[in-house]
Amino acid sequence: MTSQTIIDPPEDGHFRNGKASNGASPTTLSIHLTINGRDHALDIEPRVTLLDALRERLHLTGTKKGCDQGQCGACTVHVEGERVLACLTLAAQVEGRSITTIEGLADEDGTLHAVQAAFLEQDAFQCGYCTPGQIMSAVACIREGHAGSDEEIREYMAGNLCRCGAYPHIVAAVRQAARELRS
Amino acid sequence: MRDFSYLRADSVEAARNAAALPGAMLLAGGTTLIDLAKCGVAEPATVIDISHIEGLNAIDVTADRAVIGALAKMSHVADNAEVKSHFPAVSEALWQAASAQLRNMATIGGNLMQRTRCPYFRDPQNFPVCNKREPGSGCSAIGGVTRGHAVLGTSEACIATYPGDLAIALVAFDAEVDLGERKLKVEDFFLAPGATAEREHDIRPGEMITAIEIPGSAAARRSTYLKVRDRQSYEFAAASAAVGLELEGDGRTIRDIRVAVGGVATKPWRARAVEEALKGKPLDEASVRKASELVMEGAVDHGANRYKIALAPRVIARAILKLGETA
Amino acid sequence: MTVHDMKHAGSDSARLEAVGGRLSRVDGPAKITGAAHYAFEQQLEGLTHAVLVGATIAAGKVTGIDTRAAETAPGVLAVLTPDTIMELNSASDWFGRQPSEETYCPLVREVTFSGQHVAAVVAETFEQAVAAAALVKVSYDEMPAIVDLSDGSDGIPVDAMTKEWGDAEAAFAEAPVRVCAAYNTPREFQAAMEPHGLIARWEGDQLTIWEPSQWLDGMARTYAEWFGVPFQNVRLVSPYIGGGFGSKALALAHSAVAAAAAKMLGRPVKLVLNRPQNFTSYGGRAATRQTVAIGADKAGRIQSIVHRGVNETAVDGMWVEPLGSVTSIMYATPNFSSKQNVVRVNTVVPGAKRAPGENPSAFGIECAIDELAHELGIDPLEMRLINYAEQDPHAKKAWSTRQLREAFAAGAEAFGWAKRSREPRSMRDGHQLIGWGVAAGTYPVRRAYGEAVVKLLADGSVEVESSSIDMGQGTYTILAQTAAETLGVPVEKVSVRLGDSHFARAGVTGGSRLAGVMTGAVYKAAGQALDELIGLALSDPRSPFHGLQANTLQVKGGRIASPRGDGPEFSIAELMRALGREKIEAKGDTVPASFTPEQRYNNYTTIAMALPHTEGDYSRHSWCAHFVEVRVDEDFGTVRVSRVVSALDSGRLYNPKLAESQWKGGIIMGIGQALLEEGIVDRRHGRIVNGNLADYMLPTNADIPDIRTISVGIPDPHSSALGGKGVGELGIVGVAPAIANAVFHATGKRVRDLPITLEKLI
């Protein structure tokens, strides 16, 4: 790693620095992330991904690291309500945006989201490692209106690999939850 | 991943200024830049986050033209009702690309800046030889595993396939890329490797894509994108075709036809020979299949990718015939 | 840490809770809420991060490692090389055989495969370690590598694999109808979604390892031997495993690096393989080649099978993928010969992947029998029934149970096989050629001994403890069901704790043996606890049942009473209170009483003590029949599986809901094997070039149709205490040949090299 200097913003002020925190290495940023409705302060390097910020800094390990290169979907979270991959998102990039992880999906009282309940009922997982990503993806899939048929569910859930092979049960769970959420 | 500075740009002008800094790279959706930074291919000294610039994500579509802001997400364009109606091939190319999550991240501008999936390009640790990364070092792919490599537009310097889908549809319909100071045909924006494999786009330091524009046409309205791959989804194309068709009043003579192919060439590949062979001719299966073969004029294979020479014309033909059926 | 809150599953009725009931996973709520902490997600004070540097050549010597840039990089605590990492003892292998070398260095000077670990960087943060690892410069003296099976000689004969009876070669030569072909399977990978990795922490000479593991006891033994500490000093913790499929049973070189780094630094170290390293740091399924020659009479009766197989193994390690395992038992034949060789290539030692041996073996014989059926004009299903093996043709023993005929019948009925047109290329839908294929599968019943602890607590709840693990098969759930049923308590009263090597020992989770072993052990332990409770209830003066004129008592729904129901009734908690007991604890095991402590230790920490499936009077196997429909695009050559019906005999199912999931998982992995999966080696570099999840393609949701599974099993008393046979491995066996046979039926093209990719069909 080579040491980098923060470049001074141009006079016109059209771009702004990541705010260097006092006393920290010059490339450390102090940021705030809003995760599951709560504010989290972090001092991190710019290169830290949202995934590693969640798992290694904030101890929110429900979001899984499967490939760390955008190829498996295990790290799916919602940013401003849309499903994205936390492994290809810089933590600094989503400051000021609302982030939802699997830990924030159920109600405060523990009542499961319809998709979670359907996954349990349909046995839509085995080892459980891809499952948080599948569930986050499924919630968004339904919200997007891409759960209209089994064929559509399969296509729009294709970005979440499952090596245990729970796919038919995932389709059944998404179908069931979509029906419940519509009614 | 090497450490870098992070700057957030509030405006296009600020982004352009920052992009001119040495070692600066623009960050939009992150699906290419962060991926390649992890691979060790991209080593930005400064990352300019342009994803918060306002006003660059508009999708403005009429029958005459589509203007799509550089920061519009692939998913939003794919699901846009006007895009679906006036430019179905564009929507289809988008929803068949990557995965729902990646399409929610990736922007239209970033999509055009996407890099090849050549496994040698993506692994500098194990394969230091690569003309795209190290000009003049050579090509690790030639003589290696070439099943996914290009058969069209290749050179002795590089046979890496252009991986995208959207740009295939864009070149078929004469879209332009707006770089602020200048506009370019998307077809000219992408560069074949020739002797300078490291140059993939006609873009200069300090330039930034702000929008793409697609002229409306009858062919664009009656268009489709057909993508063939090993896996049903979440995979790059083995061969794909963006096709648009306009018939004469008789319902069978071809007035206008647009054909471009993906997955087989080093850049988005317009198949003008196929178009010329079919214009003014009646739409029938035999002549469509015969004309589609013309796409492979000048094709060079490297063994394991020979199947693409047989496959791509069939993809084109099926796409044209499918459009013909949907009169 | 592994106690599962049952409130979300509490609505299941008593019928669902019993063994054989469709209870939802008891570990499910933790997994769907993100509350389940997998092994290397533990949060520890002072945790450091290690990243490995892999060899960029496949064969040769490391001539120098320049660590200067890495050492001065921010946050770096140590750069380990073969010269600086602490020396370890060699450990015994999984049979418990002593090593030939005295010492072991997990970082190498002599490279035998690309990606082999050469150095490691430990830093304060993951990002710093990754960046610094990229700065380590290794120089090599490269040697020519043997990259795959086609490079080597015929290989080394593995005499132990030879199976022969009759005069197979002569009978084949004389047979009126003959088929002979070669079948190849490529290098395949387990590709569990959770990567391999671990956290290692030393406290004095006590080592704790948090690592996804299919075998806590075996891995603990390896760590103990590496570091020369007593076995009891090593604690392996693995509460959840994000998929293993055979890959997570052994402590590997990267495990040793992390544990050594932790000892050297005096701080806990986390090391997780990145995805490409998961393709080079441990073995997938070896590439295989087989020739299968079948001679038959005109009526289709097999006269002879001649089988030759070869699999790749490593330059410095041995893996035998038993290729004649299905060939030798599936069909009755008077003459048989199977021999196998291995070829050494420059690869990491291949390893176990779902149904090692049986899977590729079935690809050979189940395609060959299809070819014979086509040659004779006999329906492929009929062909299999003509040659049905009424007993084990090799062991010459009766089957314990073999519901394969029932599987063929049930599967064919549900699939509509009778409507199949005989000729290839005779069914189509527009541009899609449709084909129907069938194949059978089997997997032996592997048996071993296990132990479990069952505790009845003062509040009436129950705890079950075992060092076994749940990687998705449903161990938590079926052990809760077993304890609940045996003790007569509601299942929500039962907490199952797994994944800690300090619990009662279980041995390896592999070869589909765990459910049979552990339900037996829990059944026994729970029975002992119940006996003790009832004994105390009747004999203890403080008991409300004391002096009752009864020989025994009965527990139902967590309440204890006389079987006639005419006396008093108390909850277990009330009884425990009356007895003044905090708990009743029973350790039950299925280990022979004659075992010495050393035999017991070897039973859990090696695989040497497992019982042969043909021990005694019976040959024990699970069986299945797959019926598959494929659609092949006639222009593009793309194959999509559009329908699967599988009928399976796994004996008694402890929980059909979970068993069906495992079967389907195996079938889906088989679809990947048939159509997508192949480790592609650059022959110039001896390196896998598609070692990632975009280029080594697993099936996506969009590749998988609805799958119907039908259970045709009956309880098999010879296979396990509760009558179950194996589930997890079985499903994949026979899927690839069923698909290949369907592709032949669709297209008339016989593809004998997996995977069946589009260029093989256009």
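As written, the chains take the letters A, B and C, and residue 1 is the first residue of each chain.
Everything below uses one rule, namely that a residue touches a chain if its C-beta (ideal position, glycine included) is under 8 Å from a C-beta of that chain, and two chains touch if they have at least 3 such contacts.
Predicted model, so just to flag it, every value in this text is computed and none were measured.
Taken chain by chain, the contacts link every pair, so each chain touches all the others.
Chain nearest the geometric middle of the protein is C, using mean C-alpha positions. Ranking A-B and B-C by contacting C-beta pairs places A-B first. For this pair, chain A with chain C, the centres built from the Cα atoms lie 30 Å apart.
Centre-to-centre, using mean CA coordinates, chain A is 27 Å away from chain B.
Averaged C-alpha coordinates give centres for chain B and chain C that are 42 Å from one another. Within chain B, residues 1-3, 232-234 each touch two or more of the remaining chains. Looking at chain A, one finds that residues 1, 3, 45, 47, 68-69, 154-155, 157-160 touch two or more other chains.
Residues of chain C found to touch two or more other chains are 74, 127, 131, 694, 699-702.
On the side of chain B, the complex with chain C involves touching residues 1-3, 40, 117, 119-120, 123, 125-127, 143-145, 147, 228-236, 238, 306-307, 310-311, 314-315, 317-318. For chain A in complex with chain B, the residues that touch the partner chain are 1-7, 9-10, 12, 14-18, 27, 29, 45-47, 49, 68-70, 73, 76, 82-85, 87-90, 92-93, 96, 137, 140-141, 144, 146, 154-160.
Listed in rising order, the residues of chain C touching chain B in the complex are 56, 74, 114, 127, 130-131, 134, 276, 431, 633, 635-638, 640, 675-676, 680-682, 684-685, 687, 689-690, 694-695, 697, 699-703, 757-759, 762. Residues 1, 3, 25, 45, 47-48, 52, 55-56, 59-69, 71-72, 74, 101-103, 105-106, 112, 116-117, 119-121, 123, 125-132, 135, 150, 153-155, 157-171 of chain A are the ones that touch chain C when the two sit in their complex.
By the touch criterion given at the top, residues 1-11, 13-15, 17-18, 21, 27, 29-31, 34-35, 37-39, 45-49, 51-52, 75, 79, 98-102, 104-105, 232-234 of chain B touch chain A in their complex.
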